[in-house]
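Listed next: structures, encoded as structure tokens.
There are two complexes below, and they share chain A, which is joined by chain B in the first and by chain C in the second.
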Partner chain A sequence: MKEFIAKPAKPAPASIVGPVAWLRENLFSSPLNAITTLLFCAFIISIVPGLFDWFIWSADWAGTTQEACTSEGACWVFTSAWSQQLFYGSYTDGQIWRVNLCIISLFAIIYASTVVRADIRNKVIIPVFLILPFLWVILLNGSLIGLTHVSTDYWGGFALNILMAAASIIIAFPLSFLWALGRRSEMPFARSVCVLLIEFFRGVPVLALFFMGSVMLPFFFPEGWTVDKLIRVWIVLILFMSGYMAEVFRGGFQAIPQGQYEAADSIGLSYWQKNLLIILPQNIKVSMPNILATFIMLFKNTTFLLIIGIFEILSTTQTALTNSNWLGGHSTEGYVFVALLFWICCFSMSMISNSIERKLETSHRN
Partner chain B sequence: MSNQQLVNQTPSFFNNPKNRSLIYQFLLLAGLSYFFYGIVTNTIANMEALGIKSGYRFLSENAGFDILMSLIPYDATYTYGRTFVVGLLNTVLVSVIGIFLSTIVGFIVGIAYFSKNWLLHKLSITYVQTFRNIPLLLQVFFWYFAVLSALPNTTDSMSIGQSVFLNVRGLYFPALVGESGSGVVYGAFTIAIIAIFVIKRWAKKRQDDTGQQFPVLLVGLGLLVGLPLLSTLVMGIPFTLDYPSLQGFNFAGGVTVIPELMALALALTVYGGAFIAEAVRAGIQSVPHGQTEAARSIALPEKRIMSLIIVPQAMRVIIPLLNSEYQSLIKNSTLATAIGYPDLFTVFVGTTLNQTGQAIEIVFMTMAAYLAINMLVSVVMNFVNDGVSLSERK
Partner chain C sequence: MTTNNQATAPKKDKGDDMIVIEDLNKWYGSFHVLKDINLNVKKGERIVVCGPSGSGKSTMIRCINRLEVFQQGSLTVNGIAMIDDVKNIESIRREVGMVFQHFNLFPHLTILENLTIGPIWVQKKPKEEAEATAMKYLERVKIPDQALKFPGQLSGGQQQRVAIARSLCMAPEIMLFDEPTSALDPEMIKEVLDVMVELAEEEGMTMICVTHEMGFAKTVADRVIFMDGGEIVEENTPNEFFDHPETDRLQLFLSQII
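After this line comes the complex of A and B, so read on.
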């Protein structure tokens, strides 16, 4: 009879905790992995220190004129000297508080909607939110309320990017919900009108829509009417945004269980009561991450306004770059600064979207 | 009231859903008709006041301007209609390059997210988060004004083996010129593609019937490379290379890629690649881990698990996302107009519109062209999607 002889136990692994084990596990687990790691390390070492040096260590920070740009690195004097133009365009000096007020009101109302009671939110905050863009126009224009008149030719800068994007999505909200409802409607004519609208505004490049706004729309208004270019572009942005948002809402409708519609019908709610009180809140909840993603796209697309000659931030940067006192080739600094601004805004919005997604995850999945 | 009465009761005329829907739709139709009637009469009145002739007659008039780059013969003596075609082809060119390269970049970065290598994983995240959150227009400017304009002059351009040159005026590489007999090679290439489809169908049928597998990929690649190569040798190499060479202050001969095209294609690739990487990541993450475990439990080798279990299921999520990414890439190619690459938008909505003033017709034609291209992409991608979508038990 054969006797069972146990094999000697394997030696304990060198280490499974601590930095060395982590390195072995995550960076050098195989020869191929080790080569990849070394290659990318070399890549990072060759690029990052130089970048930091240009960015911070050997950059010029203090000064007001181009003469202060003496070092090898970036010249941030350029962006600080032009900061008012970059943020507010050529809005009249001394009136900039109006632009600030608009932006503060936007953030204040968003914050307020998260802290007040639900009934106040529904009856006060939401209606105020919907008329906010019109208040901005009145305040920025000023002639209607006795302030200095500032023509839209002087509106500009990063504030315009923010306000334009916000004003468009606010109006697009109800409009796109209407279109999305129309797309689900059982009325064949209404449905096809909505499908055509949505597909048209989604299928056409936004730049073509801007050109439609700036060269085609003037023909559509009755003779003698002149509608401001910025307002025409606003209309176009609202329609563009509505096309995308309607599709977001359509996805939301599909995520709501059929039982919700049936329950609303069974307690005798009318069509509008059912859709506004039962379906819309749930729809907004499930589509919030997608709404934010669409808003980020819209916000980035406001830079396209440069091409039809509206002084948003990129356009003011280019004006600053061609200024005769600053012809020292600061284009890299200018564009990097704008890119950084957009990156911070878009990245934080996508982080907010992620956290909302996690917070709204009320399903029983883990 | 008895039950019988309740059943027989018919709703009043306005409470009948059918009548209501008819009334609403009639009102919508009336409103829309009034709206369009207003627009059309206003437009006609405005155009008359400005003295603009409507219609498409301008398309056959002489254009009289040059275009930086054209894939078909064009000079200032051609018509406005021709400028539309030139622009359209340039748009298609940059879109195809952008789609092809961004798909490659996107798949590499998307798969790198799942790498066991910590550094690679973090770099993949950094790439996506950086380029997704910077407006495309800025990226186009960056490549055009910061990178490509920093390249050396024509006289001291960078070169690889005196055949590929890169300088501030563009990228130059040798052109392949076919001589008599080259048609046979193109024919062989076509035959190889058809043969691959036939072999694929045959192999699938054989596997369904007998369970035996056939190395379709290897044989297919062999055919695709081998047949054209064989025919080239048989025909006595019917090709010559046309090298670019420095003549005076500029290069002549070969193929020239203008810097505008390079900048736009680079920006679209980098930006689109970030979005496609997200799509690939979402697709792979959508496959439950149980699938991998199930595959291991039936002893499939690790390589086959990826190609037979994970990828086919991930593709179901990836393809619809790719469809919308490709469409937005094509729409974004209109940013060409910011750096002067002569795409449909720059040429037709830019120069032609300025010269003729036919705003309505030109914007309408351009929008129709983009809608048509996007519809084509959608049809192709839906066709691909049918191939990978879930086939349920019948």
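After this line comes the complex of A and C, so read on.
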């Protein structure tokens, strides 16, 4: 019988590999593409040097007062002079290590969750994650653990934006999964409660929710019973976030094939085992881009706290801008700085979520 | 081929009733999918169910582990009556393993984790014991070297063999196969059928298999059932079933598939 021998693979021709081929294919594939490329290059050349000059070259970097700002460029003296306010608000001097500890613990646990084994992650990291926001409250408040009491009136700055967003996301994540499960439930009562919660918190603007939380909610509390304004706002953020995330998870549920539920049922997993062990991990995988979008939205929405008088970064920037020693019109620097901080954080979140997606992807090669 | 199949598939002692289905009726909305189904399956019996698509054969076997709910009649699995109660359903599912047309492996877990998740979480076995059992069954289905890969990295035939091993790890009394080879490339059908034949002949497992693999039916089955329009039209030993069909409907069906 004739033997079949598979042909060896040949290298690809030079016309489809290499830098020149890449340029031709991606930047100059058609006249329209070439024109767009050239226009874009012209745009970059006309804009970037000026920006670079303002930002770095002719900017003022050294000094402590407004008088140090003499040149044409940006006055970064403003942001460095106000940096403590911008990052920590009016948190008591000498106690700022507590804020730093909170932020470090957040990044440490995020990093830890990416390097430890899966069973340690499930048994240790996730529970720690869930109690972390409460530890922050105890640490920042201080009176419970014998540290100097720092009232929430003094909490502020960019640290507050970060911690507020993180604390809300951490609690909203499991809560929204429960809501999404409830919405799919066959029990009419659970389903209608969840639908009501989701639609309410998703349908009302976040600003309106903040006002309700800060102004209206106290009327509903019993006489003499007060909850700190920041805690009320935290609850509002959690509920708002949960409304959005629940719908993200619902989309994820619908993307998971029915066969996965049936297979889980057929090997006898209970309702909770099925949803937590089989469905949730797959749901997170398909929902990752939307989950990230929701995180970023919530993080940026923390700047709205300014309107109800909480000293997050935008609010402290405004305070700095209206300070009598700094009335030189530094609003461009101030807001550019805030924008840059937010952008750096959001971009890092994007990168992290991309790497998580890639990590999850290897297990789904089909 | 048909004359000596009894010799290649020696009968183990067929004991008590494993599955008893009496006057089972099921509707999807107003559509009557299963009509007065009566079926007794003895311990160790191997049953092949065939019929045109939409005849209700998958629905019938999915009723046995409550992936489908029926409205009338009764169903008893290994002495446990199917009633609308979580505990009851869980104990029935513990008796019954199922293999699906599209494998339905858990894509986010490795092969080994796919096999141990049931024993660890449902049967509360220690991880080491569950893994040892899993490896034993992976060897039985001849892919122990794939244990640490993910389902997406395996071929269809390998995935289906893993799915069979996953069910076996739960030590079920009954195995249900819902068109296990229909989604496979022709070259992979045999490797899955071989595993199923081995399972039937060496383990004496009670099996109900929905399939159109008539060769499999002839070698392995004790009884072949033909369904159409939601009813059991005919059931017989493979010899009688293929050589002397009683109804014209089955005759027509056989003439078209063979």
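Following the convention adopted for this analysis, the second predicted complex is superposed on the first by the 302 of 366 C-alpha atoms of A that agree within 3 Å, B and C clash if a C-alpha of one lies under 4 Å from a C-alpha of the other, contacts with A are read in each partner's own complex, and residues count from 1 in each chain.
Criterion: a contact is a pair of C-beta atoms (placed from the backbone, for glycine too) under 8 Å apart; a residue touches a chain by one contact, two chains touch by 3 or more.
None of the values given here were measured: they were computed from a predicted structure.
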| item | value |
| --- | --- |
| Contacts of A:282 with chain B and chain C, given as first, second, both or neither | second |
| Contacts of A:270 with chain B and chain C, given as first, second, both or neither | second |
| Which superposed partner A:13 touches (first chain B, second chain C, both, neither) | neither |
| Touching partner for A:207 - first (chain B), second (chain C), both, neither | first |
| Chain A: partner with more touched residues, chain B or chain C | B |
| Partner chain(s) touched by A:260 [first = chain B, second = chain C, both, neither] | second |
| Contacting residues of chain A [partner chain B, same complex] | 26-27, 29, 33, 36-37, 40-41, 186-190, 193, 200, 203-208, 211-212, 215-216, 218-223, 296, 300-301, 303-304, 306-307, 314, 331-332, 335, 338-339, 342-343, 346-347, 350 |
| In the complex with chain A, residue positions of chain C that touch it | 65-67, 90, 93-94, 96-98, 100, 102, 104-110, 117-118, 121-122, 150, 152-153, 163, 166-167, 170 |
| In the complex with chain A, residue positions of chain B that touch it | 21, 24-25, 28-29, 32, 38-39, 42-43, 45-47, 49, 116-120, 123, 129-130, 132-138, 141-142, 145-146, 327, 330-332, 334-335, 337-338, 345, 349, 353, 359-360, 363, 366-367, 370-371, 374-375 |
| Complex contacts: residues of chain A adjacent to chain C | 257, 259-260, 262-270, 273, 277-278, 281-282, 285, 360, 362-366 |
